[in-house]
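Before anything else, here is the set of structures, which you'll find just below.
What follows is a pair of complexes built around chain A, which joins chain B in one and chain C in the other.
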Partner chain A sequence: MAEVILNDVKKTYPGGFQAVKGVSFAVPDGGMCVLVGPSGCGKSTLLRMVAGLETITGGDVAIGGRRVNDLEPMERDIAMVFQNYALYPHMSVYDNMAYGLRNRKTPEAEIATRVKDAARILELNDEMLARKPRQLSGGQRQRVAMGRAIVRKPSVFLFDEPLSNLDAKLRVQMRVEIRKLQRALKTTAIYVTHDQLEAMTLADMLVVMNAGRMEQAGAPLDVYQRPASVFVASFIGSPPMNFVSGVIESLGVVKLESGETLPYDVNEHIAPVGAKVTVGVRPEIAHVDDNGPLTLPVELIEELGMGRLIHARLGARPFTIAQGPGEARPASASVRASVPPHAVHLFDAGTGLRV
Partner chain B sequence: MVERRTFFSVALPHAILMIGVLIVFFPVWLAVVASTWDPATIINGQLGLLPGPYGAENYSRILFSGASSSTREPVWSMMTNSFVMAVGVAVGKIFISLLSAFAIVYYRFPFRMAVFWFIFITLMLPVEVRIFPTYKIVADLGFLDTYQGLIIPLIASATGTLLFRQFFMTVPDELLEASKIDAAGPFRFFKDTLLPLSLTTMAALFVIQFIYGWNQYLWPLLITTRDSMQTIVIGIRKMITTQDALTEWQLAMATAVLALLPPVIVVVAMQRLFVKGLVETEK
Partner chain C sequence: MEKRAVYAGVSTPALLLIPQLAIIVIFFYLPAGQAVWQSFQLQDAFGLSTIFVGFENYRDLFTRPEYLHALGVTVVFSALVAFFSLSIALLLAVMANKQIAGAGVYKTLLIWPYAVAPAIAGVLWLFLFQPSMGMVARWLQWAGIDWNPLLDGTHAMILVVLASTWKQISYNFLFFLAGLQSIPHSLIEASAIDGAKPMRRFWTIVFPLLSPTTFYLIVVNVVYVFFDTFGIIDAVTHGGPASATTTLVFKVYNDGRSGGDLGSSAAQSVILMIIVIALTAIQFRYIERKVNY
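And now, the complex of A and B:
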C-alpha cells in the first residue's frame, strides 16, 4: 500500500533527446492511474523510470514516502507486467510465478500458498501451472504475467500496455478483469496505454501525455467533459471531437467560420468578444434537430448496430454526429443539427488551451 | 512452385546422393577391412573387400598392448588423452565464450566495442600463427606434457563468443528487465535465464569444438613428448612412419577406426540438439 509521487520528473537521453520534460502528479494509495498518449509521448519512459529500468535525469520519484531515484528495481517494491509478458520461456508457469519470491528467499511453503492463491484468483488450474508458457494461449500468458505480479504482493503494480497483444474481444474481457483485480487487491497501480477507451474505463486518475509533457491529469469523466486542450479533446473520446474555427461574436455566442452561430455556456468559458477560438463539439452530443442552427451536407452514414455515425461537413471541415439506437436515420442529403450550449468547448486558437 | 514428382525427380537425386555416399564410405570400409587381416595379406596386395579372421586379435592387441614396432602405448590410453583434451577444449571454449559474450552484450564498460573487435580479430590468428609465443608461455608455465598444456591454449574462441553474442542479442530485453524486477542480479540472470535458453547453442558448439579438439595434430605434437601423453591422432601418425620395420597397416587401420568412433558417437548423440541450435531461434 503506497502512494506514488512524481515531482518534475525529467528524462534526457545521452544524445540530448528529451523524452520526458518535467512531469508531476501523485497517485493516491490504492488508486489506478492511467498514462495515455500517442506513441512516442514518453508515457512508457515515465513508467520505466518509476520501475527503475531507466535512470531518472531530473526530479524525484517517491513510492510510499520513500525517494526511490537511486534504488534498484528489486528494492522499489514494485511489480511490472510487460507488453509481451516477458515470461521465462524455459520455466513452468508455477516457476515463473515463484521465481521472484525464491530470489527473495521466501520459504517454499509460503511460495506454494501464494502461487496457489494467485492461480485461483486468475482461474489458472493446476494442470496449467505445470505447463511451459509457449503451451498457453495469449490470454493465459497474460494471466500468468499478472500472476507473477500478484504473488509478490508489491506496493505498486506497473502495467506497460499489457493488453495490446490480445485480440479485441479478449482485450475487453481482460480489461474488466484487471480493473476488478486491482479493486479487490487495493494496490496502487500505474497503467500505460495508447488506447483511450482502455484509459477511460480503467482509470481512477487519467494522465494525458503529449510530446514528453503532461497535458492534463484528472478523473476520466472530468477529462472527457472538460478537456484542457485541443490535443486532449481530440485524443480522448471516440469518434474524436469535431473542431471548427470561430470568433466570439458576443457574450455567450460564437460565430463559426461557416457563418452559423452557436450559443455557449458563459460559466464554462471566459473569452473576450472578437477572440479567435477553436470550437469543439463531441459527435455524441451534437444531435439531428430539424430546427437546429447548423446545416450539414451528409457525405456518408456508417451503421454500427448500436447506433450510427453521420459523416457530414460543416463549411470546409468534416463534422461527425453519432446517433443512438433509437434515433431515426436521416433521409435527406443534408441534415440540420443543434448542440446544447454546455457542450460547446472553446479553445484558444493560438495556444490550443481551453478558455 | 509446384513440383511434379516423376520417377526421375525422385530417383535422380537419390542416385547422386548414393554415389556420393559410396565414394565417401569406400575408404572407411577399406580401413575396416584392412584392420581385420594379417600383415602378410596386406603387404602382398591380396586384400579383398571382405573382412578377414584377425579382427578380434588386432583390436585387442592395439587397444591394450600397443603396436610393437612404433609407439608401445596402448590405444585406450591415447584415446583417453584425446578424449580428455577434446572434452576439455570443448567445455573450456563454451565456458569462456559464454562469459565473454555475456560481458559484451549485457555490460556497458569503456571500450566495449574495441574489446569486441579484438576478439573478432583473433579469428584471423589460429594456433599455427601464434605457435611460437604460445609454446614459450606454456613451457615457462611448466605445462609441457600435461593436460592443461594441451587444453588451455586452445580454449579461447572467437567463434564461440560470436555465436553466443548473436544468440544473446535475440533474447528479448524484457526478460532481463523482468529478472531485475524479480530480484535476480546479473549472475542469477545468467544462470537462471540465459544458460537454460542457450542449451541448444551450447550443444552445437560442443559438437563442433569436440571434433576440433579431437582432430588437433600440430599442438599435441609440439608439447607432448612422453608416450603416455600422446593423443590418438599422433599415435596413428607414429604407426605409419616407422623406421627399420614394416608398417603394421592392420594395426594403424584399427587405430584409425577406433579414432573415428568418439566423434561419430558425439555427432549422432547430439545431432538433434545440434541442428536445433544452428537453425532454431526458440524464445
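And now, the complex of A and C:
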C-alpha cells in the first residue's frame, strides 16, 4: 500500500536523446494508473524508471513517501509484470513464484502457503505448478507472471504491456481479471499500454503521453469527454475523432472550412471571434439527421454487427459516423448529419490545445 | 512442421550427396577401416611379415602399465584443460557482455589465439618457460621456484596445460558470449526485481540458462584435448619427461611411428575413436533430453 509520486521526472540518454521530458503526477494509494501513448512516447521508460531498471536523470520518484531514485529495484518494494512475461524457463511454475521469496530468505513453509494462495486466486492447479513455463499456454504464462508479482505482496505493481502478446479474446478476459485482482488486493498499480481501450477500461487515472511529455492526466471519462489537445482527442476513442478546420464566426458558432456552420457550447470553450480552430467531433456522437447542417458524401459503409461505420467526407476531410444497432442504414449516396453543441470540441489551430 | 524439398527421382539427390559421401569414405571410413583391420594384426620389426592375431593387441594394451599410465595422464590433462579453459572463458565472456564500449576490439583480441597453430602456440609457451632463457621461467626462478619442465613431470604437465588452455579459451569465449547474449535481458531484470543480487542472479538464472552451451563446450573441449593437443605436446615436451605428458594420442603416434608397432598403434586409435563416438553420443542425448527447457 503506497502512494507513488513523480515530480518533474526526466530521462536523458548519454547520446543526448530526451526520452522523458519532465513528467509529474501522483498515483493515490490503491489506485490504478494507466500510462498510454504511441510507441516511443516514453511510457515504458517512465515505468522502468519507477522500477529502478533505468536511472533517473532528473526529478524525483517517491514510493510510499520514500525517495527511491538511488535505490536498487529490489529495495523499492515493487513487482513487475513484463510484456514477454520473463518467466525463468528452467524453473517450475512453483519455483518461479517462490524465487523472489527465497531471495528474501522467507521460510519455506510460508512460501508454500503464499504460492498456494496466489495459485488459488489465479486458478492455477497443483499440476500446473509442477510444469515448466514452456508447457503452459499464453494465458497461463500470463497468470504465472501475475502470480510471481502477487506472492511478494509488494506496495506497487508495475505492468509493462502485459497483454500485448495475447490474442484478442484472451486479452479482454485477462484485462477483466487484472482489474478485479487489483481491486481485490487494493495494491497501487502503474500499467503501461499503447491500447487506448485497455487504458480506458483499466484506469482509475489515465496519463496520456506523447513524445516524452504528459499530454493529459485524469479520470478516463474526463479525458474522453474533455480531451486537452488534438493529440489526446485523436488517441483516445475508437474509431478516432473526426477533425475539420474552422473559424469562430460568432459567439457559439463555428464555421467549417467546408462552408457549413456548427453551434458549440460557450460554457465549454472560450475563443475570440475570428480565431482559427480545429473542430473535433466523435464518430459516435455525430448522427444521421435529415435536417442536419452537414452534408456528407458516403464513401463506404462497414457493418460491425453491433452497429455500423459510415465513412464519408466533409469537404476534403474524411468524416466517420458510428451508428448504433437500432439505426437505419442510409440508402442514399450522401447523408445529412448533425452534432449536438456540447459534443463539438474546439482546439487552437496552432498549438493543438483545447480552447 | 519443417519444410522438406521433395525430389521426383533418385538421381538428383544422389548426385548432390556423392561429393560429401566420397569425402567421408575416402578420408574417414577407409582409414578407419584400415585401422581396425591393422589392429587385429601383428607385424615383425622390419615390416616383412604380418600375422593375424585377433584381439591380442587390445589385450596386450590393457596389461601394459605404460598404456594405463597414458590413460591416467589423459584424464588428468583433459580435466584440467577443460576446467580452466571453460571457467576462464566464462569469466571473460561475462565481463565482455557487460562492457559495451570497445567490446569489438576486446573480443577480437580474445579470439586471435584461436588462429594460432597448436605447434606454434606450444613453441610460444616453450620459449616463455624454457628453464635457462625463458622470461617467465626466470621470474619463477627469481621467486625461488626451482622451475624445470624438462626434468620435473609436474612442471611439464603445468606447461602443456597452460598452452592448451590458452589456445582453447578463445573458442569457448565465443560460444559463451553468444550464449550470454541469447539470454533475454528481461529475465535478468525480473530477477533483479525479485531481489537477487548479482552473484545470485548469475548462479540461479544465467548459469542454468547457459547449460546447453556449457555441455556442448565440455564435450568439444574434451575431444580437443584428446586429439588436437598433439601438436602442443609434440612441440613442448615430446611426451616427457618420463612419459609424464604422454597422452593417448601422443602414444598412438609414438608407438606407431617411432616404435614401429603398427598393430598396437592401430588398436590404440580404435579405442580413441570409440571414446570420441561415445562422447558425441552422450552430447546429443544429453543436450536433446535434459537441457532444453
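Keep this in mind: the second predicted complex is superposed on the first by the 355 of 355 C-alpha atoms of A that agree within 3 Å, B and C clash if a C-alpha of one lies under 4 Å from a C-alpha of the other, contacts with A are read in each partner's own complex, and residues count from 1 in each chain.
Following the convention adopted for this analysis, contacts are C-beta pairs under 8 Å (C-beta built on N, C-alpha and C of every residue); 3 or more make two chains touch, one makes a residue touch a chain.
Computed from a predicted structure; not experimentally measured.
Q: Superpose on chain A as described above, then tell me if chain B and chain C fit or clash.
A: Chain B and chain C clash in the superposed model.
Q: Check the residue A:E108 against both partner chains and state whether it touches chain B (first), chain C (second), both, or neither.
A: Touch partners of A:E108: none, neither chain B nor chain C.
Q: Figure out whether A:K132 sits in contact with chain B (first) or chain C (second), or with both, or with neither.
A: Second partner only, chain C.
Q: Scan A:G100 for contacts with chain B and chain C and give back first, second, both or neither.
A: both
Q: Quick check for you: in the superposed arrangement, does A:D70 touch first (chain B), second (chain C), both or neither?
A: neither
Q: Between chain B (first) and chain C (second), which, if any, makes contact with A:I78: first, second, both or neither?
A: A:I78 contacts both chain B and chain C.
Q: Pick out the shared contact residues on chain A: the ones touching chain B in one complex and chain C in the other.
A: Common to the two interfaces on chain A: residues 51-53, 72-74, 78-80, 82-84, 86, 88-90, 99-100, 103-104, 134, 148.
Q: Quick check on the complex: what are the chain A residues that touch chain C?
A: 51-53, 72-74, 78-80, 82-84, 86, 88-90, 99-100, 103-104, 132, 134, 148, 152
Q: So in the complex, which bits of chain C are touching chain A?
A: For chain C paired with chain A, touching residues are 184, 186-187, 189-197, 200, 204-205, 208-209, 211, 293.
Q: For the complex, which residues does chain B have touching chain A?
A: Chain B reaches chain A through residues 172, 174-175, 177-178, 180-184, 188, 192-193, 196-197, 282-283.
Q: Residue numbers of chain A touching chain B in their complex, please.
A: 51-53, 72-74, 78-80, 82-84, 86-90, 99-100, 103-104, 134, 148
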